[in-house]
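Working notes, beginning with the structure itself.
We just call them A, B and C in the order they show up, numbering each chain from 1.
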Amino acid sequence: MEIDLSPILDSWQYLLGGLGVTLLLSVLTVICSTILGAAIALARVYGPAWLRVPLVFYIDTMRAIPVLVVLVWTYFAVPILFGFNFPPFWAALVALTAHIAAYVAEIVRAGIESIRPGQIRAGLAIGMSQAQIVRKIILPQATVRMLPAFGSILSITIKDTAIAAVIAVPEFMKRSETIAGQSYHPIEVFTFAMLVYFVILFPVTRLVDMFYRRVAHLGRS
Amino acid sequence: MNTAANQAARKNAGDVPVIAYENIRKVYGKFVALDGVTAHVNKGEVMCLIGPSGSGKSTALRCTNGLETINGGHILLDGGPLPDSETEMRKIRQRMGMVFQSFELFPHKTAVQNVALGPVTVLGMNPSQAIERSMALLDKVGLAAKADNYPSGLSGGQQQRVAIARALAMEPEVMLFDEPTSALDPETIGEVLSVMKKLADEGMTMIVVTHEMSFARRVANWVVVFDHGKVVEEGPPRQIFEDPTAQRTQDFLSHLGWNG
Amino acid sequence: MTLDWSVVWQYRGALLEGTLMTILLTVLTMLIAVPAGVMLALMRLSNSKPLSAVSACFVEFFRNLPLILVIYWAFYVMPVAIGVEFSAFTTGLAALCLNVSAYNSETFRAGINSIRKGQTEAAIAVGMSRWQAMSKVIIPQAWRRVLPILASTWVSLFKDTSLVSVIAVGELAHTALQIRSQTFRVLEMLTAMAAIYWLLGYPQAKLVDWIQRKYGVKE
């Protein structure tokens, strides 16, 4: 078996463009799902009781349904339901955000609930309000504790963007697939794709771990 | 009598020591934990290792049964050096019993199962025989009634006594105690120390790392004072506690509030 | 927009088959990936540097790749590398096993490492070999810690089986999408697919919560 890397070399710009889309989609998803997930978690912990049921339902639903299904439904079914055309990139962003926000919400909730009640009492004893306690005492510590789990969110998001290939988002996985199909050298192309993803993903979790180790003491009470 | 004379007198007692440290060294990276330690314990003797935290006494004990390996010198069991191979070392460990500061009972097994696990797994003993032996040992440490309790249902002192029974179940030649009472509530220290005294009275060879000075004073035949990885003084308890020759010994004891 | 939900009922047989295929893939993968994970964890923790390195590389590699890519890659590489034509099912199963074994290995390694060092020392002090200490003392304690995480991995795996649809394995997602293509009932079939996954996945997620409450270790 001879190895022919020319399909990869010939299309390097095309693939690089795909990589750019992957990274863009990942970053946007992480930002949006963090905001949404944090909002859900805060609403769940500190919000009115009637809000809890629908929020928990939403979180559990996203835990029950595969990403693929959410992606496909968002891209194909939403246009039918609401009558507008959903470009693949934006459909993927919405779907991935909705899915991953549920996990973020759970992580944030766990972080908040892991802060010892004594910390809250200490804040009250100094005369702080509930909002001040949350902002100044709980959230800073909770944020530090969430870091390791958050690193895995980053990693999961990048991996999930590859699934967006099935709704033809022009990201790296999809473009690798296209080149592989055109070139009749799928092994080289997909192996190359694996190396690229590994090189991106491997440092991500390591860096978060390293950063966490530096600041972990700030979260211990 | 000074230290050197003491040592010489003991050595000439004739018998081969059960455990002998010959100029042992142990380093962790740059930190020298043991810096040329020489000491020995004869059959039937109780040797107490005392000294400040980090002085190397626990390290020496853990090197004795191979939980740590020395970087220099020799450790001899009955005159023979400890083997290098792990398989040989395993057989050696069957001849030594160890009791840990944190008891380390197996939480998923009852007291009697804890004691019997060694004989069954290592010696291949028949389970009912092992249970018989275990019950006898639990009785010896005063816990026959708690045989079917899990460690979570036992007090610290009770757990430690079970741990002693567990070590005895292998019928060792020497018992190694690593600060056996340091993790106990003051009320329960006494029950563990009296079991240890009983063992000593029965003639068990023991090396005890301890902070319980009154125990060392009453029960030890020989006391070795450690500091910064070296032996600063050794001798019979009367000398160490009432008439120490080394300044470090005096500093250490007065720091503990020991007034003789 | 007219909806015809009867198509779901019409194709219930195929959907049921797809569901069974999903369950089969999940069960088979776990049956293989749990022992494989234990083996990889023990290799990683062993004193042999080469064994440990091989295990570490395998685990880090498959933990840091998108599963969908591994599926495609397996599809093209396996026939060439091993010279035998595999069914899509086998290929999909292989990719899932590689992926989940890597995660399981980390789960078992963390579980084993969470048991205090003193326990191993106490076992060795009594004369046990490292292997005896592991099997009689460490693993019996570690499985309680491992169980909640394995349960969670199971649920993730159940969802990830949907990805083998891309190489035309007839599990639920693929079946539903096929029916959609044949009948052009897009909204109905996609919603039905989501609903079936929800009906299967929701109880599993709740079960995982229960297991975590029951067996969770409070640090």
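Assume a contact is a pair of C-beta atoms (placed from the backbone, for glycine too) under 8 Å apart; a residue touches a chain by one contact, two chains touch by 3 or more.
Since the model is a prediction, treat every value here as computed from it, not as a measurement.
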- prompt: How is the touch graph of the chains shaped: line, ring, star, complete or other?
  reply: line
- prompt: Considering A-C alongside B-C, which chain pair is linked by more C-beta pairs in contact?
  reply: A-C
- request: Averaging only over C-alpha atoms, locate the centres of chain A and chain B and give their separation in whole Å.
  value: 54
Task: State, to the nearest whole Å, the distance from the C-alpha centre of chain B to the C-alpha centre of chain C.
output: 48
- prompt: Which integer distance in Å separates the CA centroid of chain A from that of chain C?
  reply: 20
- request: Quick one: which bits of chain A touch chain C in the complex? Just the residue numbers, please.
  value: 1, 60-61, 63-70, 72-73, 76-77, 80-81, 155, 158-163, 165-166, 173, 176-177, 180, 186-187, 190-191, 193-194, 197-198, 201-202, 205
Message: Quick check on the complex: what are the chain B residues that touch chain C?
response: 65, 67, 86-87, 90-91, 93-94, 96-98, 100, 102, 104-108, 117-118, 121-123, 163, 166-167, 169-170
- prompt: For chain C, which residues count as touching chain B in their complex?
  reply: 116, 118-119, 121-130, 132, 136-137, 140-141
Residue ranges of chain C in contact with chain A within the complex: 1, 60-61, 64-70, 72-73, 76-77, 80, 155, 159-160, 162-163, 165-166, 173, 177, 186-187, 190-191, 193-194, 197-198, 200-202, 204-206
